[in-house]
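Once you scroll down, you'll see the structures, which are given as structure tokens.
After this come two complexes, each holding chain A, first together with chain B and then together with chain C.
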Partner chain A sequence: MIELSISFLLTAIVVFLVILFLFAIYLLFQHQREIRFSNTRDTFLQNHSQHWYNYLMNDEIFSVVLVPRGRAQVAAIEKIFSSYLKNIMDEKVEHKIKEFSNLYLKKFYEKDLSSKRWSIRMNALYRIADFQIDELLDTCQQFEKDKISEGEYFQLLKIYSTFQPELFIEKIKESSVNYSESEYRRLFVLLEDDVFIRLFEEFDSWNKNIQLASIDTAAVKRNMQYIDKLKQLLTHEVSEIKIRALKGLYEIGVIDEIDPYVPFVKSDMWEVRLMVAKIFKHVPLNYTYAYLELLLEDENWWVRSQAAKTMAENREGIAKLQQFMESSNDQYAIEMAQETVVRRQGIK
Partner chain B sequence: MSKLIVAEGFMQEHEVKGYFEILRESVIRSRSTMTAVFFKLANSSQGTDIERIQVNHQISAFLKSKIRKTDLLFQLADGVHWGIFFLQSSEVEVKAFLKRIFAILKQEREYQQIALKASITEIRNNSVNFETLLEKNKQKLADGEQPTWSIEQVTDYSVQPMEQVKVSIIEQNEIFRKVLETTINHLDIPHFNLEVATYEDGYSFLQSDSYKTGHMHLVVMNDILPRKNGLEILHILREMPNEKKFIIYMMSERNSEGATLNAYEGGVDEFIVKPFNLRLLEAKIRRTFARFWL
Partner chain C sequence: MRLFLDYCMWFFGGIIMFYMLFVIVSYCAMFVIAMLDLRKRYKLDPSEYDDAHIDAFYSKPVSLLVPAYNEEVGVVDTVYSLLNLRYPQTEIIIINDGSTDTTLQTVIEHFRMKPVDKIVHTNIPSKQVKQIYESEIYKNCILVDKENGGKADALNVGINVSQYPYFCSIDGDSILDEKSLLRVMKPIILSDGEVIAAGGNIRIANGAKMQLGSVTETHLPNNYLVIMQIIEYLRAFLMGRIALSKFNLVLIISGAFSVFSKKWAVEAGGYSTNIIGEDMELVVNIHRLIRKKKEKKRIEFVPDPVCWTEAPQTLGVLRNQRRRWHQGLFESLWKHKSMTFNPKYGLIGFISLPYFWLVECLGPIVELGGYIYIVVAFFLGKIYYEMAIVLLLLFVIYGVIFSIASILFEAWSLNTYPRKRELLRMIFLSFTEIFWYRPLTLLWRCEGLIRFVLRKSDWGNMKRVGIAEKEKSV
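Right, the complex of A and B next:
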């Protein structure tokens, strides 16, 4: 049996109590600090939101009260800037935020980048991109040389894409990290049109995820200048690229000729046939009726359904569908046409 | 003393008074301007009785042939004045009408013995009564100083009354909510007085009961809101019996055709994708209110 003297036990209890007491004091102190921090932040917001409105929106002259003193006030300004940038689109406001951040917030974020805590570094990277603090570009490049996480590198790429697109393309080329399609999309959507065109032109030199992301981005940007490139991709050997290009062309919604799309009506892949049926929405029915009739008799339910929908959206579509129902021998196609006509008439 | 000449088949002064009172109130309710025109023969004392009867009938028939089905033509009891109430027409349209008929009268040989002068009153409020209206216009046309074919104007009733409009801003972000509040508070819209209230979620808006009053109500809200979201509020407001009083602007971060279509089909008047330019919002609000008065 272990024997412990009373005096030893008492000493141990006292030591533990002292540790506990010190810990409680520490927690109390931290809590007080947090309260002080949020109070200062909220007071700044309360007192100066209107000043910020006047400065950003009403062209009032800059006042020194807007300059942050301490972290809590920086947090308040972050909140103000984020709210403006998220909700309001105004070049003048963006410019003022950029100017102010480069002057007064730069030093805070520069310090944050050398923090040991990942969350503080990430926050700084987000703010540098959001507030366009381009004077920190060199610091960011230095920061890249440290051992940084994938998330931080991704954020750095976002910063490069806005401040120095050349560098961005270079980094993408040499990058050892392979991002997912959606991550690439998030990067590309920020690019200026001319940079994106360059990236899109070098299509074949990219990996698959970049290729697919660039097609999707072209579709989201809805710019007519991407139509030719997308059309070229229709002959690409990879079928996924073909389908995405068709989807992109559908999203842009400008179909100047139907010849490039006609061969796809008899494609082996139902996804391709489905996309063609969608694309024909943007073409007058008298050019596409014959093909839509074929697609209406397709073996795949999705294709038949889309072909019927495309026809029904046209002014004479319902009449054409009714005419089709009388002349066709394909029971599945007739049912689809019937269903679409009923649904359309129900809406009216 | 010359004989009173009153054309048959015409509305007379005493009959029109009742109509006028209804029309005047509907000016306010339907926010549409009405314009009254009074004509007087510029040479009423010339010629024999028979000639004057002829001229009188000719004018009555001529005016009757030129008005629209929504205009109300009548003759005053003195026999030398005619009046027309042009519904949903402003002074500009009525002046154009007068210029057109005066040109015809001056040109056509069959009307050569007719010479008229007119007086216009644009009515945009209900502070005018029929007798005063007649009195003021008769005074304008009374003395012989105005030249023939002249167009006089009574401008006492052309200012529309100030209308109270409730504005509810429902936005979760406190800073942006204040920005919207300040922006809309600074908006100066002629003849409308905007009373702005803000809410941070859908539920507190519905609890406020402010939307149950009869005032015109502009609701500027986000599509996604805590507690009750924007689409639910849209549905509740559009289900109300007097839903037409709501002008609903929906703000959204979703820039997709689907979301836009959904919102418009649900009954929004404007769908604005965030981030947007505040000047654009101001312009949209101004246009919305400019459409209310003809």
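Right, the complex of A and C next:
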């Protein structure tokens, strides 16, 4: 038995070693291919970056040398486009990239979408969205019918949100996949205001992640037309929604009346009290001082700290904090006020 | 007498052989899982995610904690690497744990630190904070000077001082890749907080070229001991962490680079100060807490974020490090022994802990036993001679084959394609592993076990030369 084991193990080792040897040779070969690929890509970049600059930025006439021949040149163009899109906000440039991609890159990505490899399909979907290749929309819809992963479906949603918002809302409604809040935020932030407001208006019909993501997106879009909806949500029964709405209103930063916020000063949840302390930053101190004084004596450290910061940021804030330190009996609150005053004076 | 000896030899030979087979099968399974996982992402463009999440709107703020005890050589580079991070919102908290060298002065002078009055919110009890400083150049950079209390205590102080919902612990001698934080935070952000801790991949930086806290070029160092450690790290990464992480079974995420939800870490009691492996201890405590609260939370290992760290270059320092690691592992496992095979802890109790007990903790005893067995068997005659050859061949599969496979697969999946000479050097060294490196590390790890039994804990500090200087010193 042992003799058999030895011969078996020896055979196994030899087989393994042969496989690994062949694998190593393949790797070295791959390494050479990779070098050749990068050389072609880099040469294209070196030779044509200026042409691209002239075409995209200086309105020079399109030259045929810009048309890619082979994958390495496509990779070079992807690099150029990505860097322009990342660094320059210019509709004209975006339009030219879109036009070029629809003409010359479309066929590459169309082919990639039928690749067996998930990563290649994903990369193609990224590019279709980034370079706005709307001529591939039908191919994408066709692609959706295949068995695709959640990641791919997410990318498709991103593509729909830019090319066909109506279809996007429809897909979101019927989708069985529940994405995370941060993913929904990535989708919503791309929507035009009129589409987003429709989505936001239908707030109660969405699942929790969509609801929270839409509040955050409304906040980041900083649009006055979302304020009323956010204010309505302050009475929502779910406390997380209430807190997010407060946060959203704080971020938009336009507080036209303080009455809706006053009841929250005595909320049972410290997170709510913290958000109110933040919101009062956007209101003159003479309207909020009495409430901030209460919040400065709050049992929660974060609330006290925020109340002190809010006061300190106001023009008469330091004087008011000093006045508070003399009159208050709450040692913790006094310490917090003191620290804030010292820091503020240090900054000055 | 001869009969007794025969029984003993058969008995121990059998145990060692079955153990080796068990380990080889487990490693193979984990290797295949890791391979499938990494291959899926082969050639996926990661910049798409990076660019999308560079905006604060999508990410969550992180406090970066750098505990430093006598790190005057490496701490400045570490802080620069943190300042270079592509991440929208961070604060850097350097905690000087009563260093006896010039760490404090170096940081104060280099980053123009100015004393500030700041009330520290004590979430976790810790040693006294002497003074807090803020940088005049970088507003998000804080220095905390405290009484010496060990790394765990320093991290606890960092947690107390931190203001963000997540913290990331980084060793005072480590360098982070600029996108590493963004990527290690990816599972946390995408899961909406279901992932409450994540650890990154640690690489050895000896031989790397550096400039102001960024690794600009990597080369395989000339020191064989360091190369062996590089291979060892690759193996641990492919045959362990990725597979365990897939099933939420991770028990160790390296303290050199890991992110935790502050809320969960505080609730789990922060880092334990009375134990050597404080990083493992925190992870196990969080797993306990998850089960206790019956919440659906995960701890993940993320393969691509890279943290560069300095590896020991001499046998003496490596010995200290390994026996300390092993003592820490044993200590943690022993402390949580009640979790092993406890149905209350699910797969952690039935897979993770038994795996760590059997393969990671007690493995060195069996393996060292195997080496001794081989030597003894060669003197005892024909039958044992053959048994010894079987064991030796198993060692070859376990040591050589897995090492070479890891080197090649890593180069393939992560598209790193090392230079031909470097690849061949690493493969060649893998063949020598079972003759010198493996027995040495086994000895040191067994030493760690003995020290745990004897309750010894007087550990020497690793003498650092600083990553940036390494090229000159190797």
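Going forward, the second predicted complex is superposed on the first by the 313 of 348 C-alpha atoms of A that agree within 3 Å, B and C clash if a C-alpha of one lies under 4 Å from a C-alpha of the other, contacts with A are read in each partner's own complex, and residues count from 1 in each chain.
What we mean here is this: a residue touches a chain if its C-beta (ideal position, glycine included) is under 8 Å from a C-beta of that chain, and two chains touch if they have at least 3 such contacts.
This is a predicted model, so every value here is computed, not measured.
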Partner chain in contact with A:Glu183 - chain B first, chain C second, else both or neither: second
Partner chain in contact with A:Leu27 - chain B first, chain C second, else both or neither: second
Partner chain(s) touched by A:Met57 [first = chain B, second = chain C, both, neither]: first
First (chain B), second (chain C), both or neither touched by A:Leu10: second
Comparison of chain B and chain C by chain A residues contacted: C
Which of chain B and chain C A:Leu45 touches, first, second, both or neither: first
Touching partner for A:Tyr287 - first (chain B), second (chain C), both, neither: neither
First, second, both or neither for A:Lys86, with chain B first and chain C second: both
Touching both chain B and chain C, residues of chain A: 86
Residue ranges of chain A touching chain B (in the complex, touch as defined): 45, 49-50, 53, 57, 79-80, 83-90
Contact set on chain A toward chain C in their complex: 2-3, 5-6, 9-10, 12-13, 16-17, 20, 23-24, 27-28, 30-31, 34, 82, 86, 117-120, 122-123, 126, 130, 180-183, 185-186, 189, 209, 216, 220, 301, 335-336, 338-339, 342-343, 346
Chain C to chain A touching residues, read off their complex: 40-45, 47-48, 51-52, 57-58, 116-119, 121, 189-192, 383, 386-387, 389-390, 393-394, 396-397, 401, 404-405, 408, 411-412, 415, 417, 420, 423, 427
Sites on chain B touched by chain A in the complex: 173-176, 178-179, 182-183, 251, 253, 274-279
